[in-house]
Amino acid sequence: MEDVLIRTHETVSLKEPILVAGLPGVGTVGKLAADYLREQLGTRPLATIHSKFFPPQVYVNEEGLIRLVSNDLSYLKAKSASDHDLLILGGDYQGISPEGQYELTERILNYCNALGTRELYTLAGFAQGHVVEKPRVLGAATSPARVEAMKRFGVVFSRNDPGGGLIGASGLFLGLGRTFGMEGVCLMGETSGYFVDPRSAEAVLKVLTKVLGVQIDFSALEAKAKEIDRIAQKIQEVTGEGRTSEPSNPSREDVGYIG
Amino acid sequence: MEDVLIRTHETVSLKEPILVAGLPGVGTVGKLAADYLREQLGTRPLATIHSKFFPPQVYVNEEGLIRLVSNDLSYLKAKSASDHDLLILGGDYQGISPEGQYELTERILNYCNALGTRELYTLAGFAQGHVVEKPRVLGAATSPARVEAMKRFGVVFSRNDPGGGLIGASGLFLGLGRTFGMEGVCLMGETSGYFVDPRSAEAVLKVLTKVLGVQIDFSALEAKAKEIDRIAQKIQEVTGEGRTSEPSNPSREDVGYIG
Amino acid sequence: MEDVLIRTHETVSLKEPILVAGLPGVGTVGKLAADYLREQLGTRPLATIHSKFFPPQVYVNEEGLIRLVSNDLSYLKAKSASDHDLLILGGDYQGISPEGQYELTERILNYCNALGTRELYTLAGFAQGHVVEKPRVLGAATSPARVEAMKRFGVVFSRNDPGGGLIGASGLFLGLGRTFGMEGVCLMGETSGYFVDPRSAEAVLKVLTKVLGVQIDFSALEAKAKEIDRIAQKIQEVTGEGRTSEPSNPSREDVGYIG
Amino acid sequence: MEDVLIRTHETVSLKEPILVAGLPGVGTVGKLAADYLREQLGTRPLATIHSKFFPPQVYVNEEGLIRLVSNDLSYLKAKSASDHDLLILGGDYQGISPEGQYELTERILNYCNALGTRELYTLAGFAQGHVVEKPRVLGAATSPARVEAMKRFGVVFSRNDPGGGLIGASGLFLGLGRTFGMEGVCLMGETSGYFVDPRSAEAVLKVLTKVLGVQIDFSALEAKAKEIDRIAQKIQEVTGEGRTSEPSNPSREDVGYIG
């Protein structure tokens, strides 16, 4: 079979669509953010991506129906004809081998490039190793102009973080995107790294929606954040874990996916 | 060499053959069922499948003759010209890497597709983590119509099982089968997961034979089940293991092959 | 680069050459035997095999010269024009991944097939897990006729050994050799599995040379066997290990290369 | 995507350029040496190498700008028209799988071959397992003439070191270089293997610069060596480690990269 199989559901003509990519990773921040954005904006399905670089797995839903693990692209036409359209990439997995990561990223970028994409945003979590009350959004970008632009939206570019760089799709989309001449930014919501973190996803989306000039309702995401808070609270009560108040850097040797 | 090498032994014309696939997995349920069905129905060998995605291994039989590990397809002509013919897939191994799983499944589906297959059944075990006196047959399917049809044969579609989806060939055949336009069902016999389980295989086959409208003699399988019961009984006497009577869900994180 | 790179040193025309393959494995028996046979017969280098399925490694000799790890084929013209010529395969490694094993074996067989090979012998060790005073030579073969022929040379075909089959090149050469229409035999010298075992290699070669109708001097191999005996003896004195006298079957689950 | 992607920044005509390769490995000796040489000689960037055989990773610099992990080639025109030009290979990683090592090495050698390279030097560390006050430079080469030539520059060719050969890029470049008809030498600076070792890199560079007939200023490297000494000293004071004074051979079974 083809290593990466992209099935297009609808032929569309898009206006230099901006790609937003949020795949599973630290705190599930990127995936939460991309899925929520897709839902709130009511994007339309564009393509489904299967690959032998995903696990050989199907999900079974409550009705007993199977679905092969995948990534998927959906799109949104801009309200104004002069604006960029939008592409959102989400999915169940990142590629499960280094080579798979490269192949998947390159194939998806190639597909978006053919649709006219010149600009992309990857969404991710940044593990701080301690509970983060008010998650900041850290950034990394492909050009100084992008760095300056993001700072105006409150994105923090820290001298030391992320120290070891970005491992996984969120960084690779930017790195390989350069070979397609694309400019891009990675937006990383701070998170403990111990829980699924809707609050961090919200922080990321608050920046991103301003950057994209779209508006969404955050109430469902906030409700989910409060639910996770309650669970985390209970676990902390039982185990005494996670109450570290002093900031501590995560290990530089950490090899888990950041994004 | 070719990644997957399918050698056809006989050129046959089949009438929209239904594929039944049972490969090694949890409790060896799928393989036991497919092998037993093949034997009872007296299917004829159709093709042998070698692949570099299998281990580099030969088996040596009691006469000292070697046989390279393989999967194999056999077929059965339906008694009535209006009925579907049958294809049974069995073998020594599933692909031993995720990529190998995808490649093997896709190649075998492609081969069956060329023979006219539109419908498939995968047989598997479902590990409950405790001794199951009367194994139910759980199901997953590609369409609501299939789910409803299977319920009429007593197949259980549980809201929670299998929670993490299906990992391995039994799910992948359904998932990739969809890309060939095939409809399918996975039949999973409940099993402890600790023993080879002919009783679970029998439960699966009792459903499957009704679905296919074929009749077989179950006595040899029942004899084997009793033999395993005796062995399991002895091990339980010695170790005190496996006597848990209350139902317990297997871990969702379990990454072993289900099918 | 090509996955497997076979560089031919000399263009020769061979008369249905019999392939003898001895690569590193249990007790280094197969490699010891093939290397010794090559040396004693004074074979000529035919081809060197490099591959990305070997480790990325060079050896450095005492003069400081490097040599990239490889397999290699050498040949010997038969003394009588009516006899088969001989090909000997030796080398530093077997392929280090399952896929690499298949690719290497298939490529080498393909090469030998082009030279006219119809028959092959693979040499290996068979781990008994205890010291073997007088190693027998166990066999596995591709046809009943070969089994019978080997029995006449004293090769033992045991109902139970090797129980789990043969894992690695010695079995795979026979298994894939069948797809080229080649007939073959695996000769396995019993060995403890704890030491490099020249005595087991000698037992294998005593059979093989009779089968091939060639004569070699065994004194150097016997000297090496005595040296290993002395070392083993000393280790046993110190540790008390390896003195088990009762026969015990090696574990069926053993996944180490047999040959 | 291509397995190995070499992007050329500048089209240059070079005079039989000598390749110097220093990638991360034991004590980071090879990389330290190559990077320092490049900096001191003021080489110009020639090509950037991306590959799916590197980790899926980007680095983020202090300004927040990302850079995809890579290897890179830079060049230096010789001062005299009759001299060889120079190519220096450095980078973030060696290939992270055996197959990746072969592919990357072969592709880079192929690229250099097209530029006229006939000769190469690989720089590496050699782990002694104990603190080395005055690191010697050990050698391995592709021909006796090279061995003799290197001895005149003080390179040590030891009967026993490196016992298990060279694993990784530094050896592979020589081994595969032979298939391009290239001659080469591996220069290995002795090092403990416990620290990044600029002193060992300096020893290697002192030999290499004489061989190449170039001159560089060593003061910055010496300053770095003293800094590491201080850190090592402190660690030794705390742990009592690393003070072994008697020479000890590193384990032959050591499978870590040497170069």
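Letters are used for the chains, namely A, B, C and D, taken in the order the chains are written, and counting of residues starts over at 1 for each.
Rule of thumb we're sticking to: a residue touches a chain if its C-beta (ideal position, glycine included) is under 8 Å from a C-beta of that chain, and two chains touch if they have at least 3 such contacts.
Computed from a predicted model, the values in this text were never measured in an experiment.
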Fill in the blank from the handout: Any chain touching chain B and chain C at once appears in the list none
Exercise for the section: Would you identify the chain whose Cα-based centre sits farthest away from the centre of chain D? Expected result: B
Handout entry: Between chain B and chain D, centroid-to-centroid distance (C-alpha), Å
Key = 53
Handout entry: Cα-centroid distance, chain C relative to chain D, in whole angstrom
Key = 37
Completion exercise
The positions of chain C in contact with two or more other chains are none
Fill in the blank from the handout: Listing every touching pair of chains gives A-B, A-D, B-C, C-D
Completion exercise
In the complex, the residues of chain A that touch chain D are 95, 98-99, 101-103, 105-107, 139-144, 147, 157-159, 162, 165-169, 171-172, 174-176, 178-179, 186
Handout entry: chain D - residues contacting chain A, complex
Key = 1, 5, 7, 50-60, 62-69, 96
